[in-house]
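These notes open a run of structures that come right after.
Both complexes shown next keep chain A, but they swap its partner, so chain B is in the first and chain C is in the second.
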Partner chain A sequence: MVKERRGSVILDKKDFENFFSLLAEKYTIFGPSQDDNGDAFTKIDSPQSLKLHYKNTHLSLKSYFFPQTETLLTFDNHMKITKGKENETEEQTKCSILFGVRPCDATAIYFLDKVFQESSPPDPYYVKRRSVTRIISFACTDPSSTCFCTSVACGPDSEKGSDIIFFELDGHYLVKQITQEGEEILEGVKELLKPVTDKHIEEKDRSMVAARHKLRKIFEVSNFVKKLENFEAPYWEKLHQKCLGCGICTYMCPTCHCFDMTDEVTGSGGRRVRTWDSCMFPLFTLHASGHNPRPTQKERMRQRLMHKFNYAPKIFGEVFCVGCGRCVVHCPVNLDLRSVVQQIMEEQ
Partner chain B sequence: MSNPYVPMPAKIDDIIIENEARDIKTLKVSFTDKDDWKRFAFMPGQFAEISIFGAGECPIGIASSPTEKGYLLFTVKRAGLVTMQLHRAERGEIIGLRGPLGNTYPLHKMEGHNILIIGGGFAFTTLRAAIKYIIEENNRKRFDDITVIYGARTPGELIYKKELWEWEKRRDMKTYITVDRGDKDWKRREGFVPSVLKEISPRVNETIALVCGPPIMIKFTLPVLDELGFMPESIFLSLEMRMKCGIGKCGRCNIGHKYVCKDGPVFSFAELQELPSEY
Partner chain C sequence: MKPSEHEIINTVKKLLADKKIDLFIGYEQGTLPLRTSPCFLVNPDDSNKLIWNSFCANNLTVYLSRIMPNGKNKKFKRIGILCKGCDSRSLTGLIREKQIKREDLYIIGISCQGIIDSRKLLPQLNSDEILSIDEDDDSIIVKLKSGEERFKRNHYLYDACLNCAYPTPGEYDMLVRTAKYAPQVSVPDPAVKEFMGKPREERWRIFEHELSKCIRCYACRNVCPNCYCKECFAEQTKPTWFGVTSERSDLLFYHLTRIFHQAGRCVDCGACVRACPMNINLRLFTRMLVDEVKERFGYEPGLSIKEQSVLAAFEIDDKQEFMTEPEKGT
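So, the complex of A and B:
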């Protein structure tokens, strides 16, 4: 494999089908598909069905690693655990590649890794799925009007979470390997790859400058993190008033990872399931005694913002927002996170 | 990789009804698989997620001390779905235990110090574990004066009564039991825990205080400790919060950037002063 300029190589667009076929021999490939207009990632069997020019998918990729509902264990009527002890998450013989991922969504997985994989104890269900999945992202040249990745220390060419990142050039792709796993993938297709030249690098840099230009930087995130130190600030009283508490922002968010654990019983036993939950719901923190530390939407909305922009930086050194704009798009009352941040920043 | 979501099976060997209202029971349990004792090496202050398959899990403090061998004690107040089922459980039934979870009382820091233990009502469970641990024959000499103040609303609501009366008789510790309202047979103290604390004014120098009780008791006890001269760094509180995973992932038991399940449940008052008062 040609190794130049920090692991960057060139793939001609005419070789893309071959490239895809070689990958498909070793990996199961998921990507945004033509069939559903790039709205979600599905299994891709031929390069023609890939839709690489798309706006952010409807759903983020978190459910690939952290499904909306999953069985943690099953038990029988004698209170004996019948499944779960060995963590029998579905066996995969082939590794998967998520292909054509937006850098913001890959960055979100990088954040989820910190919660489920790097914090002790690791979550075996997540770790197992993550260990058999590779991420090939595509640098974003066509952000949506709701995108604000450059405001939150992410960006159209963020490398976090990706094994390989593609940059689309005129007639070529500039392919940058980021991890060891990325190197292994490229090793298998090395006959298709060519060395990169300064011209390619310049072209890539120009396209990223253009992409960044489309993304208006709305706020300085480090200032916002500091601003939130004032937990009892009076503005929390008014910011939440429009919020219905529907929780859609948390379900669509690629970094929200709160979950519930409940038991379901059938005639012959039952299962313990984990399901996405939301800090927007009153029951989320309700004690059995009736006490609720977050009794109104004020505290709950504050929790959501604080968790992403103040607590996560303290715990992981990272703001848990990638600026994908899904919460902005899907909020039924148009409670726009960007304007909430701006309102807070304007407060004394 | 071991799976932190899988409970270890344990058998209920005995059930003790603790109070007059009969809504607090102590379950004496033991692991059915001997190897699980090693996996469950714990210290006072920690808790476990107790499973009743079909009902779910709930976090319960470990009321026994690691110095008590061959059994674990969990004192459970009937409050929600799982605790209701735990109250219905009978001797011989199998429950699940995940743990030990959370941090411990600062036992290393407590060595060579006077210990002041202040408890109220039902929130005396992990404090019992701490007391049993520090007064155990081999451990006792590592701690200086031990003072226990424990109160409940009525005599019938005091838990671990038999042990309370034994501790009262011991010469190597001072035990003050009080109730808000006595009955005709009550010969001991009447009064709220904070006023008893004020009245006996325990030594402050080289003393570490462990406090656990209902919010109203905490609210009035902390100012008295402050008045007596206790530094926030020497006061330790054990908190409770709604929990699910118990391992800092499910996201609901946080106070600011600290998770009660993982960073707690024991926090110094100094630590709590740094956090938002959202608990």
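So, the complex of A and C:
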């Protein structure tokens, strides 16, 4: 882990275009803009196409580092194996910046880092993408009604996963560097930056108090983690009743990271491909014998909740939920994670 | 409380108390604005949480083949269920395809006025806090923090509801009547007509563009009452029918197969398009099949338990130029 450094500066909004141009010289910039389904991260060529006032993007950022489909290696009939990424002739010369990321999505990347980068062995495909990407997040002042980040140890100004975080003030941005990489980015634009005053800090603090006020805390996550110790609790029998077993909650989730690997073989060779998988699917645990240790939606839904709220805290020291609310918004039967947590908390 | 809601609650309470049914599947208030959620009742006293309004979108019949796999459940021998017009057609299909027995069901049919598409109405509310929602025959009345607003019901209905020929169920044990809803039904569906009016290349482009958005969550399949297969082709591994990736060829293969499996069976309830998190217009393609089957064979699925399935029937004058003169095809 890079040592966190404290230090905030001020960028005038009128200097933002210059700031963006200077960044664009050194980095490829991805940011929020409009697509078919609302807001999405796309390559941004001019600051005008950035859409910084948005709620959460439709899909999370995870596919940027952990794509839904990834060829790990290819092989031919003579057993000549070519590794997926070394196939690429074009070496990436420029680092990328993900600009305007919501702190919840950045925090989710911080969690994925623990899985793919800090665990042993690290995942080379993830590590490579991560090492050439910087994250500049934007503190959230206008959360959605489905957001619950403050209930799960995240928050509208969570710094986890970000190299720099921006706070929008009246006429300015308060720019806070978080990592060494963040400092390097700011070094390149230092002529545009001004020192921060107490007034700015107060204004920032006020806006964050207001944002937190909008984000009602609905449960105490540490209590919930403990509550889940009872694997055979009777409430699992009924919680899943509505669940139809689709993969929306897991695929929209910024922290769900399960995958499958498949060898696809054709006449002349084949490839090994990694794809997203979901614990909501029966095939996820189906054995070759035909036995399925998670035979019904009860066991599958329990797995999803236990993994996020009980196993992850034990393994990684973090609850794997950032409260972005995507699973809440998109569940086709309105099986709301927040009410599921509340129901379990109310159980004796 | 609306009279219709009152009638449903009282009926269910009595059915459960008299042990005429062991389980009732209906709707309860959702946790999100303009949303309701399926609910399962075994206790007569819980009946009060049942609701009926223009946001009761889910096709509840999807749960029947899950609760009664192979048409049986030891605990729930007879199930009560609330059905709109389209849902009752799904149910008729399930009975006819022998997934469930008619005598194991108590069907409360409700004549439907069309369901409000929250994706159409929500943007009109400018993220203002909703205090309460009411409705009358013509309008949805939303009380917002900033004041009361009325929205013309017919402007915000789901596309499937706008062209629904059977808002009132045909199969039921008891019918709850609300105001009459008689949309102007056209075959082919206006969206299908517009699509078919485009040149072939443009149609292919739209088809590819829409389906390439898919993230393979299988929600379209899992919310569909017709998709009751114990083992779906999408999950068969010996052999695999198509690849596991999110690449275009795999996505198109999945969707083409799913769509074809709906031929002569889809009742255009719109559950798939409502569930899709990527807002893919799945209904466009299944509705094409609905219209095609109606035009060619004069058949609409789900209207009667006794009808013969179009794919299982053969008439000597059935149209077959798509085989004999394929070059004339569109």
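Everything that follows uses one rule, which is that the second predicted complex is superposed on the first by the 328 of 348 C-alpha atoms of A that agree within 3 Å, B and C clash if a C-alpha of one lies under 4 Å from a C-alpha of the other, contacts with A are read in each partner's own complex, and residues count from 1 in each chain.
Operating definition for what follows: contacts are C-beta pairs under 8 Å (C-beta built on N, C-alpha and C of every residue); 3 or more make two chains touch, one makes a residue touch a chain.
As the structure is a prediction and not an experimental result, all values here were calculated from the model.
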Contacts of A:I315 with chain B and chain C, given as first, second, both or neither: first
Partner chain(s) touched by A:G245 [first = chain B, second = chain C, both, neither]: second
First (chain B), second (chain C), both or neither touched by A:D260: both
Of chain C and chain B, partner touching more chain A residues: B
A:V329 touches, of chain B and chain C: first, second, both or neither? second
Residues of chain A that lie at the interface with chain B and also at the interface with chain C: 260, 262
Residues of chain C that touch chain A when the two form their complex: 30-33, 35-40, 58, 62, 127, 129, 213, 215-219, 221-223, 235, 237, 243-247, 271, 274-275, 277-279
For the chain A and chain C complex, residues of the former touching the latter: 36-37, 59, 68-69, 145-146, 241-242, 244-248, 250-252, 260, 262, 264, 273, 275-276, 278, 281-283, 328-330, 332-336, 338-339
Chain A-touching residues of chain B, taken from the complex the two chains share: 1-7, 9, 53-58, 79-80, 83, 93-96, 215, 240-242, 244-245, 247-257, 276, 278-279
Residues on chain A engaged by chain B in the complex (per definition of touch): 72-73, 75, 78-81, 84-87, 115-116, 119, 121-125, 127, 231-232, 257-263, 265, 270, 272, 274, 277, 279, 284-289, 291, 293-294, 299, 303, 306-307, 310-312, 314-315
